[in-house]
Structure formats: C-alpha cells, structure tokens
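In what follows, chain A forms one complex with chain B and a second complex with chain C.
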Partner chain A sequence: MSEQRPPVLAIRDLTVAYRSRGAWLQAVRDVSLQIMAGERVGLVGESGSGKSTIALAVMGYLREAARVLAGEIILNGRDLLSLDRSQMRALWGAEMALVPQDPLSALNPSLRIGEQLAEALRLHLGMDRARALERAAELLEMVRIPDPERVVRAYPHQISGGMQQRVMIALALSTEPALLVLDEPTTALDVTTQAAILDLFRDLTEARETAALYVTHNLGVVAEICDRVAVLYAGDLVEEGPVGELFRQPLHPYTHGLLASVPRLEAGRRGVALQSIPGQIPPLGERPPACVYADRCPLAIEICHEVRPPRETPLPGRAVRCHRWEEVLAGALSAPATPPAADGAHVGDADGEGDGAPVLDLDDVEVHFEAPHTIREILARRERPPVRAVDGVSLEIAPGRTLGLVGESGSGKTTLARAVVGLEETTGGEMALFNLPLPSGLSERSEELLSRLQIVFQNPEEALNPYRTVGATLRRPLMRLQGLSREEADAAVARLLEAVRLPASYAYRLPRQLSGGEKQRAAIARAFAADPELLVADEPVSSLDVSVQASILNLLNELQRERDSSTLFISHDLAVVGYLADEIAVMYGGHLMELMPAEGLLTPPHHPYTEVLLAAIPRLDPDAPPRPLPALRASEPGQNVGRTGCPFHPRCPRFLGDICVEQTPPWRAAENGGRIFCHIPLEDLQAAQVEDA
Partner chain B sequence: MSSLTTPSQETARPAPGRGRGFGGQLRALFSRPASAGGTILVVLFLLLAILGSWLAPYGENEQIFADARQPPSLEHPFGTDRLGRDVFSRVLLGAQDIFLLAGLGTLLSVISGTFFGLVAGYAGGWTDELIMRFFDSLLAIPALLLALLLLGTVGPSRNSIFIVIVVVYTPIIARVVRSVVLGVKSQGFVEAARTQGEPLPSILLFEILPSVLPALAVEAALRFSYAIFLVASLGFLGVGVQPPNADWGLMVNEARHNVSQTPWALYFPAAAIALLVIGVNLMADGLKRVLQPEVE
Partner chain C sequence: MSRYLLRRLAFLLLTLVVTSLIVFAITQYLPGDVCRIILGREAGESALAACTERLGLDEPLAVQYFNWLGNFLQGDWGESFSTRAEIRPLVMQRLRNSLRLALVTMLFAVPVAVLLGILAGLNADRPLDNIISVASLSVVGLPEFVTGLVLIQIFAFTLNDFLFERFGVRPFPANSSVRPDATFAEAFPMLVLPALTATLVLLAYIARLTRAGVAEEMERPYVRTATLKGLPWRVVIVRHVLRNALLPTITVVAISFGWLISGLIVIENVFNYPGLGRLLVFAIDRRDLPLLQAVTMITVFAFAFANLVADLLYAWLNPRIRLGE
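Now for the complex of A and B:
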C-alpha cells in the first residue's frame, strides 16, 4: 500500500438523486472516497443512509429512477460515469465485481455452479471450456468449499446460503478484478458462517491486493476486516478514517452515538446502559440543508442548523463533517458515568425472591414436526422420522429475571418460544407457569392464562394490523382481558404509550405512519396491555437499525423492572443477550447445550458450541486480541432428523470420537451455577479453552 | 457474466395507492386514462340503469306498429325492431336488468367465496383440502357448461341465474381469498391476537379480512365483468331471461334473425354489452394497480 500509487477507486463529490413524484431527491450528497490497492474500506450506515446507492453507483447499476447529479467515479484512471453501457460491460467482472447480499438472486438458477464460473472465465480470460471447468473447481477450493467436485455439478439451490456466498466470492475473484464491491454479503448468514466468510475474504484480498469497498450496517464486521471506514448518515459522509483510530476516538457525534449504542461482549462492558440516539434518519426529501445530523445531535448549536459543515481533515487520514469536532475530540461527548445500575438492580431483586416458584418451568419439552410422507411411503407403511425442532429442553425462569436464549437459525429457539406462548403444540414434556401446568396449544388455555404470557415478534412490519389505529389495537386486550370499559381503556392506552415512550397522539395513527422502531414499541405496548407475568421476546430488535435497537433494549429492561415481569429473550446475537439477560441458555439442534449466569459468559469453561459462537462474533474493539475461530468439523448445521448422541457432534471442534456420536452427553454442573451438556469433563474443557485463548 | 450484472436494488419505492386514504386512491385510479375511462363508463351505465325507467321514451314492450323496422332517427335514436319496439328504450331498460342480475349475483358469490376462502385458508388441514378440492372439481367444468347444466335442472328464472353465478364464481373468489389469508395468518398481528385469546370470528373479520379486501375488490370487479357476459350469454342462448323482457343477450338473439332488415336492433345491445364489459375490465385493471401495486 504505497502512498505514491494512484488510488484504484476515487469517488469525488458524488451526488445521486432519486426521482419521486416529479422531484429529484438527493440520496447521496458530495461524497468523496478513495480506495488504494489492497485496501479494504468499510462503508457503514443505517438503513436509508445511502450506502447501497453509492455501491450501485460505483458498479454502474443505478436504476432508471436514479441520476448522478454531480461528481466523478474514477476506476484506475477512467471516469466510469463517462462510459456507455458496452464500455461498462467490459469492466464488469474484469476490473470490478459485486458480491451482493442475496447470492441466490444473483446466481442463475438453471445453470450448474461450475458452468457459471466457467462462463465468466471463458468470457473474460478467453479460456476454453475444459480449462475453464478445471479452473472453476480450483476456485471453489480456493474459497474453502469442502467438496468442490460435488459443488461444481450442483445447482445453486442445492447448496446452503454460506456456500452460495462462497461461490459468489469465487465468481467475483475469478477474473482477478482490481476492485471488489461487497453489499452486505454476510447479513443473511449465521454468525459462525459469517466468521468463516470474513476470514476467507480477508485472506483472499490480502493475497491479491484487491481493493474492496465493503458496504454494511454492522460495525463489528468493519472492525474485524476493514483498514479504513467511512460513516454515512442520511446521504452525507460524516466521518472517515483508519478503523482503529476512528473507533477509539470518533470525531463526529453520530459516529460517537452509533458506537455507544452497540452492545459489546468485552469484559467490563456488562451492565453499562446502552446509549441510544433519539429520533430517526430523516426520510428522503426532508433532509436538513445544513448539517444532516443537527436534529438528533446532542451538541447541535445554531450554526449547525444554518451552515453545512465543510469536510475537514483534522488529523492525518481522518476527515469529518462537523462544526464542533474539536469539542468532540476534547471529550464533550464522553459517556456520562452511567452507574451500571441497569443490570445490578434487577439481579439484586431476583435474589430476594429467589425462593418463590419459577415463572416458567420447562421440563423435557419436545416439539417434533411430522414430515410429510410421499405416496410410496404411505403405501409401504414406512414411517419417516419427524423433524425434531425442539428435542427435550428443560429450563426455569425465576421471577423478575431475564433468560436469554441464543442459537443460530435452525436451533429451535423460535419454535420453543412459540410452544411456550401456545402457538405451537408440544409433542412431549411438561410446561408450568408458577407451578400451574401450562397446557400445550392455545385452545387449551384459559383467557386468564393467556394474558399472563405475551409475545413480541421479530418483524415490526407485520406486528400491527395495518388497517387499525394503534389505539384500537391496544384497546382490544385491555377491554377483553382486563375487563376495562371503553373510557378506562382509552386512559390505559395513553398510559401504555407513555410507558413505551410514544406520544399519546400515536393512538390515532395507523401503523404505516410509524417507523420500524415505533412499530416495535407499539407491539411491546400491546404485549404489556395484557399485563403479562412472562414476556417472550422473539428477536425483537433483529430487524431494527443499531441506534433504534439500543432504545428498544433499554425499554424492555425498564419495563421489566417497572412492571415486575420476567422475560424470555430470544436472539441469535450473543452480545445482545449478554447485555440484557441474567441467565443465558445456548441452544443447538433443538437441544440446550449450556445454561449459565450472564456474568459467566466470558469465563471458561464453556460448551464447545458456545466457544465457537463467542469466537465468531465480530468485535467492535479494534484493539481486542484476535480470537481465532475454532476449526469446525462441518461448516454448516444439518437438520436434526434421526440423529443420535450430541446434536453438535457433526461440527464440534472438540469432537472426541464415537462416544459423541453414540451416547447422549451428561449435564455437567459448573461452579458458577451453570450447566454444560458435554462428554468432556469441565476441567478438561477449561484447561483447553484457557490454553487456546 | 450475466450473474454479476444483476444489481441488488434496495431503495424503497413508495407503493402507489398505499398510504393514502380513499380520496388518494380515487385520484390514483383516475390518473391513468384507461382506468379513468373504464370507471366513467361503468358509472355512466350505472346511472342509466338507475334512471332508465325515467329516461326511456317508450315502455319495455310498447309496440309502435307504424314505426316498425325504422332505422335510427331523432325519434328513435337506436331505431326500432321488427315488432316496432324502441331499441333505445329497451337497451336503457336492459341495463337495469343486467346490473341487477350480474351485480347481485357477483355480490352473493363474493360473500360466499369470502366465507369459504377465509375458513379454508385459516383452518388449513383437512377442512382446507375438502373445500378447495371440491371447488377445484367445479372449476374443472367450463363455466357456461356448468351454467347450462344447472339451468337445465332448476329451469330458467331470475333466482336460478343467481344460483348459477354463485356456483360458478364462488370457487374462484374463494381461491383468491384463501391465498391472501395464507400469507396473512402467520403474520405477527394475527398471532398476537390469537395469544390474547381473540375469538375466532373476530380474528377472521377484524384481523384478517381487512387485508383481504384490496384483492377482493379487484377480483369482484373482474368477476362482475364475467358475470355480465355470462348473463348476456345465457339470455342469448335462451336459458336466461325469458322474452319479452328487455335483456341485452336476448335482444341480440332475437335481432339476429332479421339482421339484414334491422341490423341496428342487433348492433346497439351488442355494443352495450361490449362497452360495459370493457369498462368494467379497465376499471378492474386500474383498481389492481392502485390496490395491489405489488402484483404488477
């Protein structure tokens, strides 16, 4: 990365607008960015920040309704904006390539993987068919696909999402392009798969000196793999700099707020309340002409609303658009000393009530799904083993506590949550609420029982009836389950809205007039309208932006304390669970792998699966020592059909041998009160894990 | 390299018609000339149907023997048929009939189709299989054939025409409703209502039905245009409305024997059928663009 060489990609003063109802609205404004050979630059922003627009503009993929109003995009000395389509076509693949978020929509579903790779090689490198197919297999090996021979002959839908993304990377790199543009390539993948793809991507671009523009909303991913980072907000590039420096000392209040709103796993961070950024990104067409962040900025003064801050370069390699960066640098925004009361408080509460009956008591709960039989199987009266989504889970939640349930997709965590609230019938085991048996399925439960258990779902867009006002939605459970009159219910609606920090006027709004975070608040209000003793929150923040996510997590925390309820919090994100929960349950293949107090999350011994999860989480702290991902035996989980032994044995990095395949592991009690489901004695696990770390 | 050139398009596009009230949707409907024209045409015919009995210069079966077989003139804008009846008056009065039969028939099939669609989609399992496979078997028979079969058994009358329309269109509407229900019933707001113990009827009517309405409105408009055609076809075949009533299909049938002498007696009712069907279709198409932009 010598400074003399010209940059591979130089974006100068790029302004892109979208046409909407006859007007051109600027989605990206005066953005400048350079990428050197071998440099990985992260482009971070929340939804609506314009990050994808920039990526598409660079690739020349902007839609009809979008126009580049000003600026230039220079790739190896050529201005891409002056090229026509056929000239661009010569560059696509050869000099620049895109790895999109959804590989399945980018791969041709009717061509075998090998053919697709070979097509690119023949077109750009003029290889003959036989040579190209041979090279295709080599490329698949390069992206660490375990059995390239099979994948070459497979169709895209026959391989998993992680494998598809590896194929996309192989395809993008097949012609050795100078620039790689990655648009959220790992967002749809599980953390362990993401970690493997990021490792791969880092190694490959390093070896080839490929310049990469990495578009993502995930700050942790940027910290893990990028050299420099550019932060976008509402179409403005507000700050830019080397990853380490920028994360250690952000100069823009937005970057500062963003970093403070992400839950972190690092030691000593537990219990520190997350800061959230009030408000939301202004929609296209309503963006302030001066500083775009002024409306949400804690440091905004008069000038911020009147004059657009110029792009300044206060330190070498850094750039910022803020009138008051000097004050930020001087510490004007350093986190107010929030007492770690948030967690400490309710941990204390629970200890007092510890002897009461558990709110929820699950004993060996099973949810098996009958697999559909083919006609031949019906005729032969052959039984097909059921899909064991939840396969014998036992756990307890004490009053006032939060149990965090973590697992990757397919672990059965959502099925378990649905079984608890009655949306899924259990096929075995017992459930009890305050020692009262909890029947399986909604129809068996009394209204009184129903109101004691409420759920908040993942997708805020589907959480509220689109044809009903928020007030009407909240009024239903109040009148039906609590028996309030219309007037009382209206008053209660106002109180509920206040509790979830929404203005009372929102009672008259329809869901489409609310932002994603506001919808989720309204959904939480509906759950609390039934005055539940146990709230089941199924990934309630997974589809929200980081800054909004923090405020919802804090809200859940506060409501739980105010209303003295308990929470079963389900997430794929160990950092979020580590922040919110008192106890953590780790689930894999329908079975619990480990149960531990949240304080024990960073201290071994751990179940090998927990160990993998911990290592796979991208960490925000650029100074943190690298945590190598333990070598998984299989990179992705299969379905739990007719499996014996430990569910994790096909992937376990600490696999012992036949015993893991044939025998169900014992539960081993840990010193901190947790338990671990593993054949390896805890002392051995601890010794191995401490040594590896 | 086609696979690499597929851009991932992320930017949100505001859905036209969604997020505006009824007035906004009406404006959206009238913003396209074709849908505006179709809607105006339908409204015009509807007005004629309502006001027909006042506007018609002559009675339905009033015979002016002196004026028989007259070509269109100021006195008889559409001419007269061989029995001396004023074609203009009969077309006007026929509008009422067709709106009543096709409109009411469509309404009835919308109600029954919605009921079965909601039940089949929400219940799933055997209920769904039973209802939908039965409807599939009805759909396997061509509509007109099924209509003739039914009318052959119950005999031609107004009521039997309603029955025919309901039997022919309920399965189609039930299918549309069911497909929407399948998508909606697993959404958070429906499941939340279930976990809060909402009774089944209120889940179906208040939580699910509103989401079905846009698709239902579009389908109803489309079915209405088919129903007009069906009523006219039955009239033409002589198994629908019976003479001497002024039914457009029947009028076409009666006039076709004398097409060389009184072609106007055939052209005008035929044109009325065509115009109304085209109008309703254009309107349905416009409704679809406004109410279901995601389908386009």
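Now for the complex of A and C:
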C-alpha cells in the first residue's frame, strides 16, 4: 500500500456532545483516527462507548440533540464539518455511504428494491430509469444474490435478512464511494450468513480500494476482516493499532480485559476462565474527567484518577491512552493460569454422577405448527404441510450436567426449550423428568412440577415485572412454590441476591433501576428461587455486552457447581456453548444434527453443518490458521423441507446426491461418545475434514 | 391478499347480520304498542287487532325478523307510520344528500388537514407543531352547534353583507334546506356552511393522525438511508416518507366518510339540512319504527362499508399486506 497518499478519512480531536436537561454531555472526547484507501479500520466498543456517534458524525448525520464541539473530520482533503447540508448532500451516496445495522428497517418497506437502488444511480451517475434498474440487477449479482431479476422487483420484506444486508451493501457500493461506514452490519445475522457477508465485503472493498470504517462490538469480526482496530471506551479512544499486534499484545487494560472476557473456541471447555470486567460503563455526565477507565481498572493508581493520560505512541502504528501501558506491556495483567470454575469439583462430576436417571429425557419430541391455508388451497382441498419447528428430537441431560444446544435462527432450538418448560405444546414424542412423564403444556402441569423447571430468557425484562421490586419478584416463587413464610422468604431473597453477586439492597429496586447485566442476574436469581432441577437458559447472554456476558457465564457456571442443578443452555454462539456445556447438541431445521461431548468440539469428525458453524465463527486470534468457510450449496436456509431426507441437504457442502434428499440419514456413533446424523461414514467425514483443515 | 379480502367481506356480512338483529330487537322492545302509535289513542279494539294482523305482529318473533329482513333485502322497506309515504325513496334521497355533504366536507377537510398534519409532523415538537396542534385541538373541543352558529354569524351575516354591498350577492345561505330535486350545483352553496362546520370537527382528528404518522416515519432508519443517498429533502419526504406516513391517514379518511354520512345529526339540525341524521331524529320523534329501522340499517351499512374500503385501501397500498402470505 502506498504510504505517501493522504488518508481518505482523517478524524482529528473529535469531541461530540449530547444535550441533556440543558447541559452538553460529552459522548466522544478528543478522538483521532485515520483511514487510508483500501484500509479497513475497526472501531470497537461496548454499548455506550460512542462508536455509533462517531460513525454518524463522520456521515454528517448526528441527531439534533448532538453537536460536534471540537475537532475536524476530513474526507479527501475537505473538512466535512465546514460544509452545509446541500454540500453534504453532494457527498452522501457519492463519496461516502453507510451500511446500517438492521437492513430491514433501513430499506423503505413500500418501495421495490430495484427502485431503491436505482434512485442513487440516477441521482449520482445520471442514468435513466431503465438503465438504472438494469444496473441494479447487476449490482445484486455482484453481492451474490441468486436470482437478481426477481429481487429487483421484490419488496424488502419478501427477502431474507442476509439478502437485505447484501442489498444494503450493493446500495452503498453502487456509486463506488471512497469511504464506507458500516455500523454493526452483521450483528442481526446468523453466523453462517455473517461469514458470507464478511467474505463478500472483504472482496468488494479490496477490489475497489474502498476505505472502510467498521463499527462493531464483535472483536472476532474485527480480527477477521480489519487491518487496524481502534478501541473505544466511554467516548475515549483508549487504544489503536494493527489488528494482529493489538490482539496479541494489548497495551490498555480495557482492551486486555475485553479480550480476556470473550469465550474462545480454541480454548475449549472452561479451559481459561473468562475475565469479567467489574462495574459498568459510566453513563453520560458521570464520566471521570481523568482516565475514563480508572474506576474499573485493576491497575489504577492515584494519577489515573487525577490526570487524563495523554495519547502516546509507544510502538510504530500503535497509540494508547494509559499511564501504565509500560507495565501492561511487561505483563502486569497476564491472566490467571487456572480458572476459578475449573478447580476440580465440577470437572470431576462428569464421571461420578453421569449414570443416575436422566434429569430430562426427550424421546422423538415434535412441535408442529399448523400453517394458515391460502384460499386456493382451501378451494382445492389441498392440505398444507405443518411447519415442523421441532421434528423428532431425542436427547438426555444427566444430573448436574449442562447440555448446550446450538443452532441458527429457525433451527427450532427456542421452540424446543419452550416445549420443555411447557410454554409450547408438543405434537408428538415423550418428555420425562427424572423418569416421570412430563405432560405437554403448562395447564397439564402441577405447580410442583412447574417449580422444578425454570427458564431464563434472552431478554431479562420478560421475566421481571417492571412495577415490582426485585425482592417481591424473588419472594413470590419462594412463598408460593416452596411454601416459605414471609420472613423465611426474605432471608432466602438475601441469599439468592448474594448468590448472583448483587448487593442485598437491590431487593428494594425496580427493574428499571438495574443495568442490563444486573437485570439478567436478577432474572437468574428468580429462576433459582424455585430451586429448579433443570434450568433452561435461552440465549441468556446474547443481548449483553462482552464484559458483562463474561460475568454472567461465570455466574451460571458457579451456580451450577454450587447447586448441582442441570442446565439446558441454548445459544447461537458455539464458542459460548463450548465454554459452558458438558455436551453439545447441534440443531438444524428442527432436527438434531450432532451430539457430542464438549471436549470433542475441535476434533473431527463432525456433521457437515457443525463444520460450517465452526468455520463461520469469527476467530479472535488473528494468527490462527485461516479456516475457509466450506462452500454452502445455498447461502441461506430455505423452507422447511419434507419429512424425508436430511434437513441440511439443500445447503450441505458435502452433499452426496439423491440419497441425502430421499433417505433419512442414520445416526452414526462416534468414538468419543457422540453421534452424527449423516449419510457419510464417519471415517470419510474425518478424512475429508482433516484434509480440509 | 385474496384471503384477506374474503375475510374482510365475511366480517362485513357478519356485522350487517348482527346489526340487523340488534336493530330489530331494539324496535321490538321500544315502549308502546306499534298499532296504538299508528292508529292513535282513540282506536278501538277491533281496529287494533286488524292492524296487528296486517303488520304480522302476532307472528313469532323469528318469523317477524325474517319477514322484515327478507322484505328489506328485496327493497320493500315498507311505509312510514307517520307520513304514510314509501320509505325507500325518502331514505335514498336523504342518503344522496348526506353523501353530497360528506363529499364537500372531505374536499374541504382532507387537503387542509393533511397539509397541516404534514407540516406539524415534519416540525415535530417545534413551535409550528405546537401552534398547529393547539389551534386544531381547541377547535375540535367546541361543540358543533357553537362552531355552526359562529360560522353562520361570520359567513351568513358579516361576509354576506359585505359581499352584497360590493357585488350584490349573498352566496352563503344560513338555512340549508335543500329542495328534494336540487342538482348538486344548485345545492352546493347551501352545503358550504354545514360542510365547514363538519370540517372543523374532522380537521384536528385527521391532522393529528397525519402528524403522528409523519413524525413517526421521520424517525425510521429508511429515512436516514434515503437522505444519505444524497437525495434532495423534498424527494425524501414525498417519495419515501409520505408513502408510508399517509397510510393511516387514508384509513381514517375512509372511516370518517362513514361517520359523515350517518353522524351529522347536530350539524344537519343547526342548518336544517335534509340528510340522514335529521331523518333519524324525525323517525325517533314520531316513533316511526319502519323508518327508524331503515335509516339505522343504511347508516350502519355506510359505516361498515366505509370501514371495509378503509381496510382494503390500506392493504392494497401497503405491500407488506398486499404481498404478505
């Protein structure tokens, strides 16, 4: 890359503030960043870090309540902050473009996709309507949308989320802008879709030498596709550098903590304790004037609370804002060798308790939903096949064990979880709790039975009544299901809060007075209040920030060890499941594809779908050997196929032919105790997968 | 879409069946014997008995209901008790008048209300929005007979006098008692004042809804996408925002049409306008049951039909419904 050229984008000492009750509160403080042509720079931060504010400031599209207080934003030599709106309009879409997080809401629901693409082409490239629509189809082909002619005429709601995001990328690149700003463009997508979009994005920007600012909370995505990364914390750019160096040797304690708090696939099951960062990002208006991170920093000393660290460049290409970066560099923050969770007690029980009656035993469980008929079908008296959300799942959970259930959206994992706790009626199969039949549906279950199964939802708000204090919420199951007196219940509430590491005073708080992570702790406490034998956790950490996620995962780990309860842990994130689970079940299209001990996650053979999932996870380690995504036959899941054949055959990269379409695959037992639902013999899978790796 | 359409039609039918039952039941249980109402206090027993038999009032209720409904559907709406005239031509003529008034009201109200709503929505929570909201709400708070009388004072007296001095015309009659055979052009001057009064009632309603629609859509991410394409502001508003923001407005306009046809009792009385509303009051006044039944059925039908049109229009204009499922 030519070093002499000026940067495409240069942000200098940018300070942005939001107006709140008459005062201007700084959301971004003295941020400087440069992006060269063809360079992809990741801007990483948790919620409240100010990353989206920077993205919108660069685009010149801050909200009315926000104002740039100081600094410069220079695009190809022009100071954007000095331009008025009509001058900005000439740059928008032509020299700079935005790819937002949620593509469905970013597209106009009542305009055809072709029209929305053509608009920009007609405006900036002077094409007539017919030519622009033609070009729109070409652009859709460029972003690898099958059947572009159809999509040109489609409305946004008629195509899948992944396709919508491809449309947004096509739109952004349609006029070949010099700068692309991407704001969490893959956060709402499944991992396999994300992997495909990232591939596409890398190829397209490389070919055009587009400069890209990639805003995300996902460190793995940054490691996958960015050249350089800038880490934001509470509005301060705390550290910056080339991706490889920064991830290998972070200089700022926050970067260090962030990297240590992400579960890594490579680390295996509970191999390394997740380090959670205590506390939370200070809200606007309460940010320390000196080092913003000092209150949470394990290395903070007096000076950190008094003097704002200057921006230093300790190594070429690196920048950091920390008084003690030299100590960090010298290894002051190296992680403890053994995690608190892996101190023997838990790992041992895998052999000791595995042979009692299973806590949960699912046998061929089905949840089918009636699909509404169209008039034509009613008139023709044609039966519409039901939606097979869960289609014959059998599995067991042994006492004291955690089963991790992984799958993408539409796999049926959440429906299965809801069926287990009784929120969804099963349409077939048997469920048993400790060998006793578990009736389907809440109305069939006794109160005592209800208390033995508890669920933690992805969104803790669903479990907490907003008008009831945390204490009242916890007391209710204690008194009602366990029959405690008020005094006993109050004592139990205090113990529960202590168990989930919340201060006892939180019993008197309302949910809205809690942060996201604290709410999830309260929801977990509520689930444990009923003293369940089986805890069903449905994506309990996926709406939380990385540093908070780590503490919740650690908490679940510890609670399970202390209480010896069993868990059905559901997640779309194989790395999270790999960290927490004893066994892993992989689900696709309502079927289990593979069941394996967690230790076997990194050793082939695997089901081809598991293989795809493993390859699709963005890896945190920039030095890890590249793991190419196997070529999927279809980039996205289609309709639920019929009862015969393998549900994964329409996408399977190891598709054999008619046998996969017509015949139900056998369950093949693997050496490590797992089983795989595939027509391909395990030896062949193993050979092929080892070779590809 | 066809599924949606069929469902709506089924709902319309069900609504009409249920209302016909209610209308029939209510008229059954209104106080007073029908024949005594018709024949007066002095009627003898034999005359009453003959009347009861002639009207079929001695039949079981179910038979009476189906007779009534069957006749109604075949266009035989019976005779008015009080005027002895055929009911159907009378109701139809009043319906035509009501439709005219509704149409003129819409011509006045919709453009102004939508424009005000858009202006307020684009300037949400700024002074212009507050002015428009306060002004339209304070007008809607006044009862129709007050605004009606004020408008009569302004137009029929002050303005008429002024125009008479200058041009020798008095274009705004205070009394809107249109002749039954008047053409639309002849009736129009008499429609202005009642339509304006109804406009004042509708204005705030439609404007508020439009404002909410526009303000809400302006916050949507697709507006940012459109703006960041570099499109001129006007194009962003007209092509992108209004297309979505006006969907609820269109629905409410269609529903208002139903209300205008059936619900203008006060306004029609203030201006002495011969619409359905006044006919309804007349029928109640005279305990004219067949007339009451006919007017009620027609107004319910107008209302249900307007609702259906509103739903269909919304579905047709909204690709998420038109092409969903």
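Couple of notes before you dig in:
Just so it is clear, the second predicted complex is superposed on the first by the 667 of 693 C-alpha atoms of A that agree within 3 Å, B and C clash if a C-alpha of one lies under 4 Å from a C-alpha of the other, contacts with A are read in each partner's own complex, and residues count from 1 in each chain.
In the analysis below, contacts are C-beta pairs under 8 Å (C-beta built on N, C-alpha and C of every residue); 3 or more make two chains touch, one makes a residue touch a chain.
A quick note: this is a predicted structure, and the numbers were derived from the prediction, not measured.
Looking at the shared chain after the overlay, A:110 reaches chain C, while chain B stays out of its contact range. Using the contact criterion defined above for the overlaid structures, shared-chain residue A:157 touches chain C, although it does not reach chain B.
Contacts of A:360 after superposition: neither chain B nor chain C is touched. With both structures placed on the common chain, the touch criterion links A:476 to chain B but leaves chain C unconnected. After overlaying the two complexes on the shared chain, residue contacts for A:523 are found with chain B alone; chain C is out of touch. Of the two partner chains placed by the overlay, neither chain B nor chain C lies in contact with A:226. In the superposition on chain A, A:570 makes contact with neither chain B nor chain C.
Of the two partner chains placed by superposition, only chain B is touched by A:451; chain C is not.
More chain A residues lie in contact with B than with the other chain of the pair chain B and chain C.
Legend: residue contacts after superposition of the two complexes on their common chain; A:93 is shown touching both chain B and chain C.
Across the superposed pair, chain B and chain C both touch chain A at residues 59, 61, 89, 92-93, 97-98, 100, 102, 105-108, 116, 119-120, 123-124, 171.
Looking at the complex, you find that chain B touches chain A at residues 1-11, 13-14, 18-19, 187-189, 191-198, 206-207, 210-211. Those residues of chain A that touch chain C in the shared complex are 59, 61, 89-94, 97-98, 100, 102, 105-111, 116, 119-120, 123-124, 155, 157-158, 168, 171, 372, 374-375. For chain A in complex with chain B, the touching residues are 18, 20, 27, 52-53, 56, 59, 61-63, 65-66, 89, 92-93, 97-98, 100-102, 105-108, 116, 119-120, 123-124, 171-172, 183, 421-423, 442, 445, 447, 450-451, 453-455, 457-459, 462-468, 473, 476-477, 480-481, 512, 523, 526-527, 530.
Chain C meets chain A in the complex at residues 2-3, 6, 220-222, 224-232, 239-240, 243-244, 317-320, 323-325.
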